[in-house]
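For reference, the structure discussed in these notes is given below.
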Amino acid sequence: MKTEADNMVAPTGEQAPNTRKSRSQWAEVWRRLRRNRMAMLGLVIILIIFFTAIFAEVIAPYDYRTQNLMRVADPPSREHLLGTDDLGRDILSRIIFGARVSLQVGFVAVSISLIVGGTLGALAGYYGGNLDNVVMRFMDVLLAIPSILLAIAIVSAFGGGLINVMIAVGIATIPVYARIVKASVISIKEQEFVEAARAVGARDSRIIIKHILPNSLAPIIVQGTLGVAIAILSAAGLSFIGLGIEPPTPEWGAMLSSGRHLIRRAPHVATFPGIAIMITIFALNLLGDGLRDALDPRLKQ
Amino acid sequence: MHKYILRRLLLLIPVMFGVSFVVFTIMFFTPGDPAKILLGERAPEAEVQALRTQMGLDDPYLVQFGRFIFNALRGDLGRSLTTRRPAAQELWARFPATLQLAAAGVLVAVLMGIPIGIISATKQYSLFDGFSMVLALIGVSMPNFWQGIMMVLLFSIVLRWFPSSGYGTFRHLIMPALTIGTSSAATITRMTRSSMLEVVRQDYIRTARAKGLSERVVINRHALKNALIPIVTVIGLQFGYLLGGAVLTETIFSWPGVGRLMVDAIRQRDYTVVQGGVLLLALTFSIVNLLVDILYAYIDPRIKAQYK
Amino acid sequence: MSETLLDIRDLRVTYQTEEGLVLAVDNLNLTLKKGETLGLVGETGAGKTTTALAVMQLVPNPPGTVESGEIWFNGENLLKKKNEEMRTVRGNQISMIFQDPMTSLNPVLTVGFQIEEAVMLHQKLTSKQAERQARDMLKLVGIPEGRAGDYPHEFSGGMRQRVGIAIALSCNPSLLIADEPTTALDVTIQAQVLDLMRRLRSEFGTSMILITHDLGVVAEVCDTVAIMYAGTVVETSDTRRLFTEPRHPYTQGLFGSIPSLDEEVTRLSPITGIMPDPTELPSGCRFHPRCPMAAEICSQRTPTMVPVEEGHNVHCMIYEGLVEAKKE
Amino acid sequence: MDQNTTTPLLEVRNLKKFFNTKQGLLKAVNNVSFEVKQGETLGIVGESGCGKSTTGRAILRLVEPTAGEVIFEGEDITAFRPDRVRAFRRDAQIIFQDPFASLDPRMSISEIIREPFEIFKLYSRNEQLERVQELMKLVGLSTKLTNSFPHELDGGRRQRVGVARALALDPKFIVCDEPVSALDVSIQAQILNLIQDLQDRLKLTYVFISHDLSVVRHISDRVAVMYLGKIVEITSYHNIFTNPQHPYTQALLSAIPIPKVDAKRERIILEGDVPSPVNPPRGCIFSGRCPFVMDKCREAPPALTETADGHFVACYLVNDTAEEPES
């Protein structure tokens, strides 16, 4: 092969030089996401919550354990911006520390279901056949149990606590990720560029890692973001019925639950943790929706 | 069509077998001795052991599972560890209340979600669209147990419109149904909107417009039925979500359903009832999904054709 | 027979996209006489479909806008019509056949009903009468009438396109716009469908605009041809003259690009370069960056229409005498 | 062209590829035999579902043949173990139909063309990049596009990237699977010229698959016509137009609109659709639509036999005794 082939055909692209800067698809996605104001609002809120969770000790005005039995269920005041709870603890501080728990539960639970469900789904989608059958029938079984019930069953059997809650919530949503990853892998697997990789001699491992996974990430990222929201809600729900995080660890759902009995006398005790949950979930949903739009290639047209 | 229904019914058997297996296994490895729970912590060891033998708790795992399945098929889910009454009886007594609540929730969700979603889609980017989309997003972000408490605060304590708890009349149903249905309504609104927007982009909608049909006919006759196909599936899934959500909602409103029974049972470590409850709700969910699939085939002739 | 049915003047349609404003159709002029079949030829992005949708007033908005121009149909400017008035034209006086028969029929309605509803709407028939007519239309396009109750997925691509034709002709329109009606079909099926269209057109006396990229189809079906490039018409003529003596360099390039079935040509002489970016169309003559005869003036001035013969018009400065035609 | 004296580079014998589908066994390729000589282009033409693409993929073992032999340079590649198949990829490549789907959207042009080098661990990193530039020039791509992504290019330039990738390993043989079908006429002509020029320069052998008989005839030395999983006729590019023997070939030819105003031809319009390959007719596969069908055609399939020098036809009108052996 020689290079005098240059003149063989006039190189196309010369007369229409690419004036735009070349952007990878991820750069393109980020550019679209940045233009979506709602999604950016969501992202900023989440970053703020992350920040408060990490620096809770610095930010929180009080220790979350400090009880003050003289000031039980006090309404919001200058010393206690969001009031105090049934044991006289500062609600604001507990919400700030609670962010830690919620974010941890959300992200760890999603990681668990993503790793387990994602791997199962990817294998089922790529190899099909009997493996697919066995995996997906098992997923059908798990899907038949409403996920919060499954989480309740697991936690009621093995006990509450941060770790168990994360595992329970994670396991309960495994089938969701298995299905999404499988569908995504199958749709990518059918694409011609996968066959093209095989045609130039790529092995299965390379095809899965270099071609299929990067291209099937879009729906997984969206589901993952929304999944964190769902996991946080589920964990809060578990704590609410007394199955989740154990005191004195501040957890939003548990705080809400303890405020429930004070609803007539001190409604703020139940109100503020609920608002905290809602803002977090709202922000995650905003970001998830924005990601969905940014990752949807059809919107490019 | 009958073949399709039969096939789906047959598929239910292995799924329910699997569900029983999962639930039984979780409960089997639960720390805590049912015999001891039944007799109380201070019961003499010999008595506990005798009861263990009588209940077959010393048998191997698979034997116990086989017995569980065998009994469950006859409608026997074991005895409640607290009341000593048959768990099936206890659950069955509470079941209508849960079904009522979930059905009311679905009704709220469908009646709110589908119309709002359609209007939003046909008036994309309008004020109505923007407003309802923000509301829907808040709807999916609100924890329903919190929403329930807030509703009690507003409508029972402040406004005194509805009773804060209880069961029996329509007035009792309103707040629990709204609580449990809100997030599903929001989900269905969002789904309906995006599904409609997707369908409206299709070529056959252009064909319909090219015939000179009015926009109303194009939407009602051509777009809606196609858009409903994925929504029907979502409604089915939401029903499962509502059955799960019943556990929380029933607790807030003291609603005498399976959910509250289960929460009480968990507190008293009454695993037989928990196990039976999960099984019962999963079975309900599976049957609802079966009905949804059949409905699906009626809406979409392409599915029906596969099973002619 | 020389009465003008459709007259498009200075049409301009734009699409607002993320990349910028796309001039889909610009400065487009086109006439169609009664009883005639006009072939609208061009490559992807030439603006053929947009022109058709503009006539139907179905340009999706947003992102599309018909910015200016006039579309005279039977002595009325369609662009001045209200939406409700336009609905009595669509599917009745002007109807359209779409490219992809797999997606352009509604999957959840029977094909019989999809024909009936147009008939019921425009001809004020009872549903019994409409059903009868739908069955007759099916027979006419070669589908057994007993299949009226079947759904689109039960038909092959060619059969679905026949259904599309039945829908379009059901109200006996005076103008039929067929947008690449056979592109998605196999050759032998294409032959069936073209044959059917030719037969029905003469039976119904319908005038037709046939959008295609296939010059072979044009040679077989059309009386006159308009060649489009980058949103505008570059050459119009009756079919015979265009095929024997193409004048515009783009038209000549198109002919040089087609592999011949009946002649042995060892090497094609394609047009160099690529289609221009629709958000950054070249100045002057749109074709000048790819034109082998382009001179300096071609990038500075928009060519005007020059009649080279009776009924044969070219938008090229060679024929305005401003550029010298190079001998190849 | 003295093709008869050269030895075949590729010999396909009784190739079959069946798929299990819900409706039943789909015989996508059913007993196909042909050979391709060193340096020639064999065109395979047929309508959708005739099995032409599956044939192209089966001879590269991109799909596993159900039965038959594919002999490449004297060795049966259907017997190759996976590592031998990978080595075979250096000799035999493919250019795909859809330039929008055949390039990984997350990889840059350079990464796409370089991938074969990485897989076979060829060259140092710098040499790889140099080779990429060479290949880009060879296929007529501006090297400014090295770091661009597929979505930034038009169909024609993407297809050039696909060609460059296929050439990267210096193959002897390339299957071109509808390489121009997705392109506009003016771009199609550019790519056809490119494919022809590359053959001359690099002494390549092609199997060129297309549904467009004009394109196939233009580029091929010999043309095979496929219908419903079988080859019904093989002959030279010249004969296929001047002397088509099989009724299907004749119908196919007459169905193609010729861009000339005075092209007066007899038109054969076939009735009905192509039958499903799950349930092909007994006897001759074309018997259901053939205008000249005889009783015999409905009973046993005719064999592909040589009627004149290098002209093979499977039709009882041409050879009334040759039945296909039971297989």
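Worth pointing out:
Should a chain be cited, it is by its letter among A, B, C and D, assigned in written order, with residues numbered from 1 in that chain.
Criterion: a contact is a pair of C-beta atoms (placed from the backbone, for glycine too) under 8 Å apart; a residue touches a chain by one contact, two chains touch by 3 or more.
Every value quoted in this text rests on a predicted model; they were computed, and no experiment measured them.
Among the chains, the centre nearest to the mean of all shown protein C-alpha atoms is found for A. Among the remaining chains, B is positioned farthest from subunit D, on the basis of C-alpha centroids. With each centre defined as the average position of its C-alpha atoms, the distance from subunit B to subunit D rounds to 54 Å. Chain centres here are Cα means. That of subunit A falls 49 Å from that of subunit C.
Rounded to whole angstrom, the centroid-to-centroid distance between subunit C and subunit D, based on C-alpha atoms, equals 32 Å. For subunit D, the set of residues touching two or more other chains reads 156-157, 190, 193. Residues of subunit C in contact with two or more other chains: 272, 274.
Residue positions 10, 12-13 of subunit A are each in touch with at least two other chains. Residues 202-204, 206-214, 217, 221-222, 225-226, 229, 299-302, 305 of subunit B are the ones touching subunit C in the complex. Against subunit D, in their complex, subunit C makes its touches with residues 43-44, 156, 158-159, 186-192, 194-195, 213-220, 239-240, 243-244, 253-262, 264-265, 267-272, 274-275. Those residues of subunit B whose C-beta lies close enough to touch subunit A in the complex are 14-16, 18-19, 21-23, 26-27, 29-31, 137-138, 140-143, 145-147, 149-150, 152-153, 157, 240-241, 243-245, 247-248, 251-252, 262-263, 266-267, 271, 274-275, 278, 281-282, 285-286, 289.
Those residues of subunit C that touch subunit B in the complex are listed here as 56, 58, 84, 87-92, 95-96, 98, 100, 103-109, 114, 117-118, 121-122, 151, 153-154, 164, 167. Residues 47-48, 154, 156-157, 184-190, 192-193, 196, 211-215, 217-219, 237-238, 241, 251-261, 263, 267, 269-270, 273-274 of subunit D are the ones touching subunit C in the complex.
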